[in-house]
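Labels run A, B and C following the written order; every chain starts at residue 1.
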Amino acid sequence: MAGGNPSGWLARAADSDVWWSFKSSSLTVAAAVTTLAIFALAFLSPVLAPHTPFDPATLSLSDGLKPPVLLSPDGDWSFPLGTDEQGRDLLSSIMYGTRLSLVVGLASVVVAMVIGITLGLVSGYLGGTVDAVIMRIADVQLTFPAILVALLIDGVVRTVISVQRHDEIALFVIVGAIGLSFWVSYARTVRGSVMVEKGKEYVQAARVIGLSPVLIMVRHVLPNVTGPVLVIATLNLGLAIITEATLSFLGVGLPPTEPSLGTLIRLGNEVLQSGDWWITVFPGVTLAVLVLAVNLLGDWLRDALNPKLR
Amino acid sequence: MATPSNNPPLLEVKNLRVEFPTRRGTLLAVDDVSFDIAPGEVLGVVGESGAGKSLTGNAIIGLLEPPGRIAAGEIRLEGRRIDNLPYEEMRKVRGARIGAIFQDPLTSLNPLYSVGRQLVETIQTHLPLSAADARRRALDLLKEVGIPGAETRIDHYPHQFSGGMRQRVVIALALCAGPRLIVADEPTTALDVSIQAQIIALLKGLCREHATAVMLVTHDMGVIAETADRVAVMYAGRIAEIGPVRDVVKQARHPYTKGLMGSIPSLGVRHDRLTQIDGTMPRLTEIPPGCAFNPRCTERGSRCLSERPELMSAGTSRAACWLHDRGGVGAPIVRETADA
Amino acid sequence: MLAFILRRLAQAVIVMLTVGIVAFFLFRYIGDPINAMVGQDTSMEEREQLREKLGLNDSAPVQFLRFIGNAVQGKFGLSYRTSEPVGRLILERVPATLELAFCAALFILVVGVPMGVYTGLYPRHWSSRLLQTVSLIGVSLPPFLIGILLILVFAVTLHWLPSFGRGQTVDLGWWTTNFLTWKGLQALILPSITLGLFQLTLIMRLVRSEMLEVMRTDYIKFARARGLTNRAVNFGHALKNTLVPVITVAGLQLGTLIAFAIVTETVFAWPGVGQLFIQSVQFADIPVMAAYLLLIGLLFVVINLAVDLLYFAVDPRLRNQVGSAREAH
């Protein structure tokens, strides 16, 4: 754990079992490459995307409902994946939408992590009533699926503020709602680790020599839980992206002016019956591939960090 | 008991090799091991952990855990080859002809079934008995292994028994179809010291009564000295010495065995100190050329570094050591570090 | 055993109390019941009179007790959106959701558990690896996407199955059912698969990993050493030992099914409770949200209790907890 020279660290990383198991699983490597590619395409969308789909000035209704170029003679090379009924380029919409989905997903994982780790530390360290209350809340919340919790939070916020204001702050509402619905697993992991560390002698010793045992423990507990937290976070990222897409699909997530992948799928679903399938299918496939790649990474990470299963 | 007779052996193991393919190459965990067990005989197999003794036992009962596999050699039970039997054929041998006892009685029993059910199930798998007869036999077995109040205990679940009692149940399970051989892998290691002697005595007594042979795998030379007729000492996947237990204890022929004997405390003899073998057994990836024991050996010579000794006669025993060869160990080697 | 059940009952009460408090806060403080009942032109005095009459000026605990008392009788006030009694609104839609969830659960158990057992027993076989990878795709596809794709293939393109609504139902007086007509059954197929597929892959992966875990235990090795048949080892010993964790998760999944029904019902315009709930979230229809929350809470608590009772049937260690403490050693 002590930091050596960087080359030594690299050499050890390259020789480690985790790296070996990564290299030896071609599926995992493919998933990592796919994830990186999607991240790059999404976050570079302002530079790479052929159109800016949400600038009304560039839209023309005559470009509306063009099919994908490779599948139909009516296609147009400037809209490789076709357009929606307002003439928006689907490829660009997907790139921007993916970026939004990723931002929401990553941000809500961070929110969940911060809440969960903090409550886990507090709960484990203080014990007693505080611990009991936090853990009972966790139990109760765990009985409810995350999507339901997020829906409720969103519904409450809608009631408290006006619908128009809601659209403005929709991004924060949804990040908060998803983050609040995922904190439990982090809290439990961290709490468990704190309970183990608390009984150890160095914590008592720290207290005797007047050091803050809290600080000492944080420094010892956090490295211990890095692995499990990383696994939870990766698997949660997939879930958070799905949850956001689901909320947006249900029409309670991000507004159509700022469409994420879920919103795009919902908009496409409205015209699905008329046979214009590409508006739904391409964002759907993007979503599925993204989540699949992230889940593959999370799955592999869990197995690689869990020596019992190796 | 005691003396191995001239009857055909019950179990013959010939040139057994067990391999484990790993990412760093294939490990040879059991290397060219041969031995016999006569009917009714107790063979002790002793060695440090990793010496290959448990794997030898698992190979005999046909339950090597993948990716481990038998790479060469053969195993015969009552003259019939069993190492290459199809799974279903070998299944009929297990339990019926060869019983097994594992280290941890706490985890050897299925927690969800009563001990009676587990006994009846095993009995009915191997013997053509009705449910009522099987239960009667199960009850007799429980009494035989010394479970007090067997009539009520038969319907209890494993978690309701103490460790020692559970190991008695395990012994009953191993014996319940009347096997000719029992492979007992560290049967007392997980138990309290006070109970270990009882269990060993029980096992020994039962096997004598039923004329069942035992392969007793353990790292505890004391248990072997009290229980076994013959002993095989294993080191780094090979047999270092094998012979009648009394002779091996009294006059060990292999320097490793001598070291092991020096490490047993015994009552009535005043030791200034228990001797201890320097160093540790090499990892399977790093077995030195020549005799695997040579880095730790106090009597090694130049020959030990280059030529690997096979088992050779040494008194009543056989030992894999050049000391017992006419050519000897070769030129003496001065140890670089002179430590006690 | 009695102590265990009492403890679980106490926990259930705590959960329901928590849910009740949340629902009450929603009902009383987030939404304003007065605004929903009166028009714009009602004067302050009239509002105040109504407030007094409805007991809205009582202390919070009193109001809470009254809220719970009403809830027990199925009275949740009027919907802001349709002005109908919330209790009736929900009851009308319960059969549709329960029938859908039942079919999905059946699909999950009949297909998911055997697949999990198979992949757990033969983890190295190519078909297991294939199933394991395909199942990951299942976990990665959000249910609404599965629904859309199924509609696209089987309804829009092939015209084999209906894409929305319950088709034909039979009214049994207090229950409307899909099960009695061919059209009703047809209408169930796509929604059930959509609702079940996500959980099916979860259950399959859970059974598989539990199976793998159990197969490594000493008692399985010992069962093999006793010469038991593969059948007895795999199903008698291994599968039964995987049941405890599987029951736990399956119980939770059943609750999740009801919740995910929200999504499926939206995709297939299925007139169930979930669709009602999503409409109430969009319209900030607080009484319906509060009632739905209580209903789901009750459902989860009942399922969890059922799961606890199932433990007793499966695991003797729990059954004998009291007894073994007495006669240990």
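As a working rule, a contact is a pair of C-beta atoms (placed from the backbone, for glycine too) under 8 Å apart; a residue touches a chain by one contact, two chains touch by 3 or more.
As the structure is a computational prediction, the values presented were derived from the model and not from experiment.
J.: Can you tell me which chain lies farthest from chain C, using the average of the Cα atoms as each chain's centre?
T.: Max centre-to-centre separation from chain C belongs to B.
J.: Could you tell me which two chains share the largest number of C-beta contact pairs?
T.: A-C
J.: Compute the distance, rounded to whole Å, between the mean C-alpha positions of chain A and chain C.
T.: Using C-alpha averages as centres, the distance is 24 Å.
J.: Starting from the mean Cα coordinates of chain B and chain C, work out the distance between those two points in Å.
T.: 54
J.: Pull out every residue in chain A that's touching 2 or more other chains.
T.: none
J.: Which of the residues in chain B come into contact with chain C in the complex?
T.: 61, 63, 87, 91-96, 99-100, 102, 104, 107-114, 121-122, 125-126, 157, 159-160, 162, 170, 173-174, 177
J.: Which of the residues in chain C end up touching chain B in this complex?
T.: Contact set of chain C toward chain B: 217-219, 221-230, 232, 236-237, 240-241, 314-317, 320, 323-324, 327-329.
J.: Mind listing the chain C positions that touch chain A in their complex?
T.: Checking each residue of chain C against chain A gives 11, 14-15, 18-19, 26, 30-31, 133, 136-137, 139-145, 148-149, 151-152, 156, 163, 212, 252, 255-256, 259-260, 262-263, 266-267, 277-278, 280-282, 284, 286, 289, 293, 296-297, 300-301, 304.
J.: Chain C touches which residues of chain A in the complex?
T.: Per the stated touch rule, the residues are 27, 136-137, 139-140, 143-145, 147-148, 151-152, 154-156, 158-160, 238, 242, 245-246, 249-252, 265, 269, 272-273, 275, 277, 280-281, 284, 287-288, 291-292, 295-296, 299, 309.
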